[in-house]
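Here subunit A shows up in two complexes: once beside subunit B, once beside subunit C.
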Partner chain A sequence: MTVSTDQHKEGKRDVTFRVFRFNPQVDSKSYFDDYTIPVERGITVLRALNYIKEHVDASVSFRAFCQAGICGSCGMRVNGISMLACTTQVWDMLAKSKEEGVIKVEPLRNLPLIKDLIVDMDPLVDKMKHYSNWVDSTMPESEMGKKEFLVSEEEFLKYDKATDCILCASCVSECSILRANKEYVSPAVLLKSYRMNVDTRDSMHDLRLAELVKDHGVWDCTHCYRCQESCVKSIPIMDAIHGIREDALESRGMKDTSGAKHAEAFMSDIEKKGKLVEATLPFRTNGVLWTMQNLLPMAVKMILKRRTPPPPPMVKPSKGIKAFRSEFREMSEHVKQDHKSHKK
Partner chain B sequence: MKPFDIVIVGGGGAGLYAAMEAMKTNPALNIAVLSKVYPNRSHTSAAQGGANAALANKAKDDTVEMHIFDTIKGSDYLADQDAVEVLCSEAPKIIRELENIGTPWSRLDDNTIAQRPFGGAGRPRCCYCADKTGHTILQTLYEQCLKKGVIFFNEYFALNLSVNGSRSKGLIAMNMKTGAVEAFPARTVIFATGGYAKMYWNRSSNAAGNTGDGQAIAYRAGIPLKDMEFVQFHPTGLRKSGLLVTEGARGEGGYLLNKDGERFMSRYAPEKMELGPRDLVSRSLETEILQGRGFDSPAGKYIHLDLTHLGADLIKSRLPQIREMAMNFEGVDPILEPIPVRPTAHYSMGGIDTDNYGRTVMEGVYAAGESACVSVHGANRLGGNSLLDILVFGRIAGHTAALEARKFEPAAISEDEVKDQLAELRSSMQPSGHYERYGELREELGQTMAANVGIYRESSLLKKGIAEVAELKERFKKVRVSDSSDVFNTNLLQVLELKNMLDLAETVAAGAFAREESRGSHTRTDFPTRDDEKWHKHTMATLIDGHVKLGEKPVTMGRYELQERTY
Partner chain C sequence: MKRYAYYLSCINESMTKEVDRSIDLWQKDLGIELVKLHESTCCGGSNLDYVSPKHFALVNARNIAYAEKMGLDLVVSCNTCLMTIRTAKKKLDESPELKQEVNELLKKEGLEYHGTSEVRHLLWVLIDDVGLETIRQKVKVPLKDYRIAPFYGCHILRPSSVLGKDNPLDPSSLDLLIEALGGETIPYEHKNRCCGFHTLLVAEQESLNVAGEALEEALRLKADFIVTPCPLCHTVLDGYQAKALKQAGIKSSIPVFHLSEMVGLALGYNAKQLGIKRHIVS
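And then the complex of A and B:
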């Protein structure tokens, strides 16, 4: 939790807020303004920004609405990390500042900048639409309102935590894939998709999943866990991402995608060698022809420029591979059992 | 722009339900939702506790009839009984419908929708999803509107209605992203802009944007506002911020304790104790504080809301958000310590006067939810009835507008009218000479409303409040917007919101001064009892020649006769 302990005993001090500024009407590039204001212990970053806007510079622009951590408006980066300004204590951030007494405030990443700390949320909404982030009820509209679906606690618990998401876009801002590829589905939309897919009242699981395993979808995630670490509602987003992948592989047999093939090649390497066979992994993931045409030239260039060592053509099994294999099989068996009992 | 059949102003629960229902009623209609925030940011998300419906899942003997009676009694008999009947009879259907489209309601052991006790209710009929009910309902409605392809104009701020005689031609609004003033010609307009309790500023649990924009626009267009003096104070706002601790915390068994460690509600509502109706519990807290039995702190006097005896498991599973808020905003973990609370302005019972179909007196203009006053809450709203209100009447307004839209001829909004609006905005941005700071005015408005038009009201205080609001309105003319940017000018936005709050504050104070009785949330120390002979009626505030003019409207009665209200 964000309540600080005994690090800063004093009740009031001057704090400098280094605020990202950009007004597209006049600025050709962004810059920072420093605002030094007196701050009492217990004040949130949002209240400090409000103070700056009301008393120092009314042109500083940011979104804020409920001020209680539930509407998700005030997502921004404080000292480099995406969070809600309204639930973040200035004192806690001071303890993490690189420069003593200075707190840096910047807009969220990976969404188009509008002005100062305000970014455009439309791309996120468009993705929610693209991946059908809604329950498409199995009940016909004409029957609605007459009776309840009966939902067991077990079913409810599958999506309960995911429905905490307030779409603040902190995870979107922290996502390392989105930095490279703006078309990537994004963690928030994967979370919502998962939430819909495990809802027994929903009827379009298969269509949604088919969309999720396409390009820019669920297989693009590289497990950096930054979405989960930055989630302001502590939602285990990676569980949702793994959930969709397992669903795609196990129950739906959607193995004909490069993501699925990659995962399977990974598994088989680990089982056989205890480590990866990097040289052949791309061929097994994307097929020989595609890899020759698209990846090989780049790989050769990288090796020549010494950006990567040439992969050893033959990989010997790791030491102790026999013991490892039996443990590996045991683990796989456990996972299978888990899935079975989960589905019941 | 091509004229719309329906323009809905506001994307909270009422607005989104209206949009969904209107599309269902007639998919051929051209419908737009205009909102000053992304719809999923709307204040519906902050509703924690739940929505009442006599599903009889928890208490098998619960009935719609009992829900009706509880609501009428809770309203201190000021609610219109036919409207309450609509609210409560539609309730089970609407909760099930929400369930059918994906709302993640908490469940009972028999897998039906869970219900819990709430203040002023004879049976446990409040349907909930942990303490994030409003949030999950809002998400569900937003998802369904995306599914249906509702056209959203997000981050548009409504400025005024375009009016021709007794007819509305549509709406004029500002696009926040560009600063452009745009016309939305429309056959019908539905206001669903939420409440106005933020005029109490730091003594309010509301979002910064709950500034009564729709009510102020309607008021300026000559549409009467009803029962504006009735503002509900929630008993348990966090001491420092005014943020809300849900009634669910008491529903789950929380105690209110004064500094002597006494469960003082035994003196005010011996039977219902902490689960008495909100107005009564708020007054009880205020009385304890005024009589010196509250705790003292630099941030003000307060009372303890004690949950420690409920245990870590229950708090973590049923009240996780409350725990998080108490820790973030008060530095208190409710598992270990009591939460410091005091009453906070929370809900506006008053609003745009509508009939049971959401129609206002102006042709083609409708209102629903907290921005409207049907009236189903009368002088005091019961917990769990506000989410219900926005759902039921949002849906009805959407349905009615969809049926009636094609009756009205589309009208164009002239470019001159749009230019005039823009010119007015521009001129308000650059006053010459001495100028005022909007932040200070806003702060002062909150202070004077809390001190003079607060929980306990009295003639001389109210006179002072009226004078101070008038003075603030005068000073407002000198407010300077120092951000000159067209793009996302939140400075200008906040100044326009302040204007709306000032216009409405005048109606709240005037109504409170006129109403010489105590009823529901309105407590006059100089008129301490309910006066049915003189005041069993609605007050109507209309803007005439730049001033508020008060009128009245009879209360619709039904099968319940006036009774004394005790708990």
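And then the complex of A and C:
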């Protein structure tokens, strides 16, 4: 701790930037180059990289533009975490370095590498196209430009935070499911999709939602919250993902997916028993055939270890279930009323 | 003896019964008493919040209100229950209208949610209330021969706006506990990553990839075992381990312990007493 406190007091010091290097035209594999440069307190990682490019090694490649946290171009991993180089202080990162005086700089994950710290954003753009991430106006073209398209403050507040996204792809880089499967929609596209779907001027809600509930879509998010935690604009991305799910559960024809069935099982079990009936959850989510094919070998192991969840009749309801159930059902009436008044 | 209300998690009542069983063995040794809340219901498992936000608020206001009635903090030993109930608490505390609506219904049981009981993970209670020094003094069998990979899981760390105990980028509480129990904690990059539990039934391949990576690193670092404060992470890392490693093309295995079992081992209880023999990977 004393080292970092001392560092903090210093006004200037030598810092080593361990930069990821890879040029597919000449390199057979990636490597790191160390650049040790004098850095003053108050300098950002981006300014340090610019200094290296101008004074030490002009071949170091990275993307940057506004230098003010607005354009989203300079997303990269600093000491392993995805962030914007232009809003990240060298001094702050030194305090978190594993090796004293060394800051590691690497490209974002989960996107194809072009060179050094530059990744290819095209897969992300392609997904934004696939999920129609734009407003398709409900106003007939003949009326456009002739009258205002008013949005109330209440309507705007639903997607106000989502509009802060600058597409820096930090969330994309940190996403657990994208790391496991590159076809996954990705948090940034889910956020954008939510933002379009709650826009009252938009006409493509149903089409977009139908695409979002398919494989590799909104139900594949595993709730790890890494996207939200790494968002450089502190956008509650999980609220948007949950918003799409809530919408899918309320929309006609959108519930015939394993994700929707799995989610709804919680509601019905809690109402009945107060407890989750885990034994039948796989059947209710994916049907009998899938469960037998996928989980039978494990079920045998679990039986041998006496780990199988109890069958439904053996799941003991929570104490006081009757009173709880009546509260729960009365709340269902409240929700119905809310929906009615919302539709009006 | 400090007392707490203890929330009964669905998974610990059904598949991972060894968690509550092992806690029952040693709680008094560490000067704490966890009073089981038999009235508690499923928290919604990070699903009910979007299926029906109002029911989500109701069930968790009720869970907390029972602890409040006893004048005790609510202690949880599942990460997702922790995150879910704390999320509901935050929503209730920030919205007087929601709180009032829920309290109108809770009157049927003579309950009222005030927001006075804290919702805490068992790990936090061990660190903050029992204290590392006390734990160190109580250790009978130091875990000195073990290299241990701490797998925190997501919902004890993120979202940090709801959890707030550990730094989600570099958590330390579980590492500190391992050291207090005499074990060696290894620098495990997957310590703050995901186990894939919440998509096991929806996107199994992806979940197994996620789990496989965490298992692979622990094996590569030659850890003796992985320890986790979450029974859901345990279910994936232990129960689905064979499947995940097969998908990753790895022929090996590694034991995974619950936090409560690791504490029990150091306090002198044996594997059979702690229910460790119930694990799929032995």
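We adopt the following convention: the second predicted complex is superposed on the first by the 267 of 344 C-alpha atoms of A that agree within 3 Å, B and C clash if a C-alpha of one lies under 4 Å from a C-alpha of the other, contacts with A are read in each partner's own complex, and residues count from 1 in each chain.
The definition used in the following text is that a residue touches a chain if its C-beta (ideal position, glycine included) is under 8 Å from a C-beta of that chain, and two chains touch if they have at least 3 such contacts.
On a predicted model such as this, the values are computed, not experimentally measured, just so you know.
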item	value
Touching partner for A:T163 - first (subunit B), second (subunit C), both, neither	first
Touched partner set for A:S142, first subunit B, second subunit C, both or neither	neither
Partner chain in contact with A:S28 - subunit B first, subunit C second, else both or neither	neither
Partner chain in contact with A:D199 - subunit B first, subunit C second, else both or neither	first
Which of subunit B and subunit C A:G72 touches, first, second, both or neither	first
Touching partner for A:G320 - first (subunit B), second (subunit C), both, neither	second
Contact set on subunit C toward subunit A in their complex	10-11, 13-16, 38-42, 44-55, 58-59, 62, 101, 105-106, 108-109, 154-155, 158-160, 168-170, 193-194, 196-199, 201-207, 209-210, 213, 239-240, 243, 277-280
Partner subunit A, residues of subunit B touching it in the complex	24, 37-38, 40-43, 45-46, 55, 93-94, 96-97, 99-102, 104-107, 110-113, 129-130, 132, 135-136, 139-140, 143-144, 146-147, 154, 177, 207-209, 240-241, 243-244, 321, 324-325, 327-329, 331, 437-440, 481-491
Subunit B partner contacts - residues on subunit A that touch it in the complex	1-3, 23-26, 42, 44, 53-55, 58-59, 61-73, 87, 89, 114-116, 118, 121-122, 125, 128-129, 132-137, 139, 141, 143-153, 156, 159-160, 163-167, 196, 199, 201-202
Residues of subunit A defined as touching subunit C within the complex	81, 96, 176-177, 179-181, 184, 219-226, 228-229, 236, 238, 242-243, 245-246, 249, 258-259, 262-264, 266-267, 269-270, 274-276, 278-279, 281-282, 285-286, 294, 298, 301-302, 305-310, 315-316, 318-320, 323-324, 326-328, 330-332, 334-335, 338
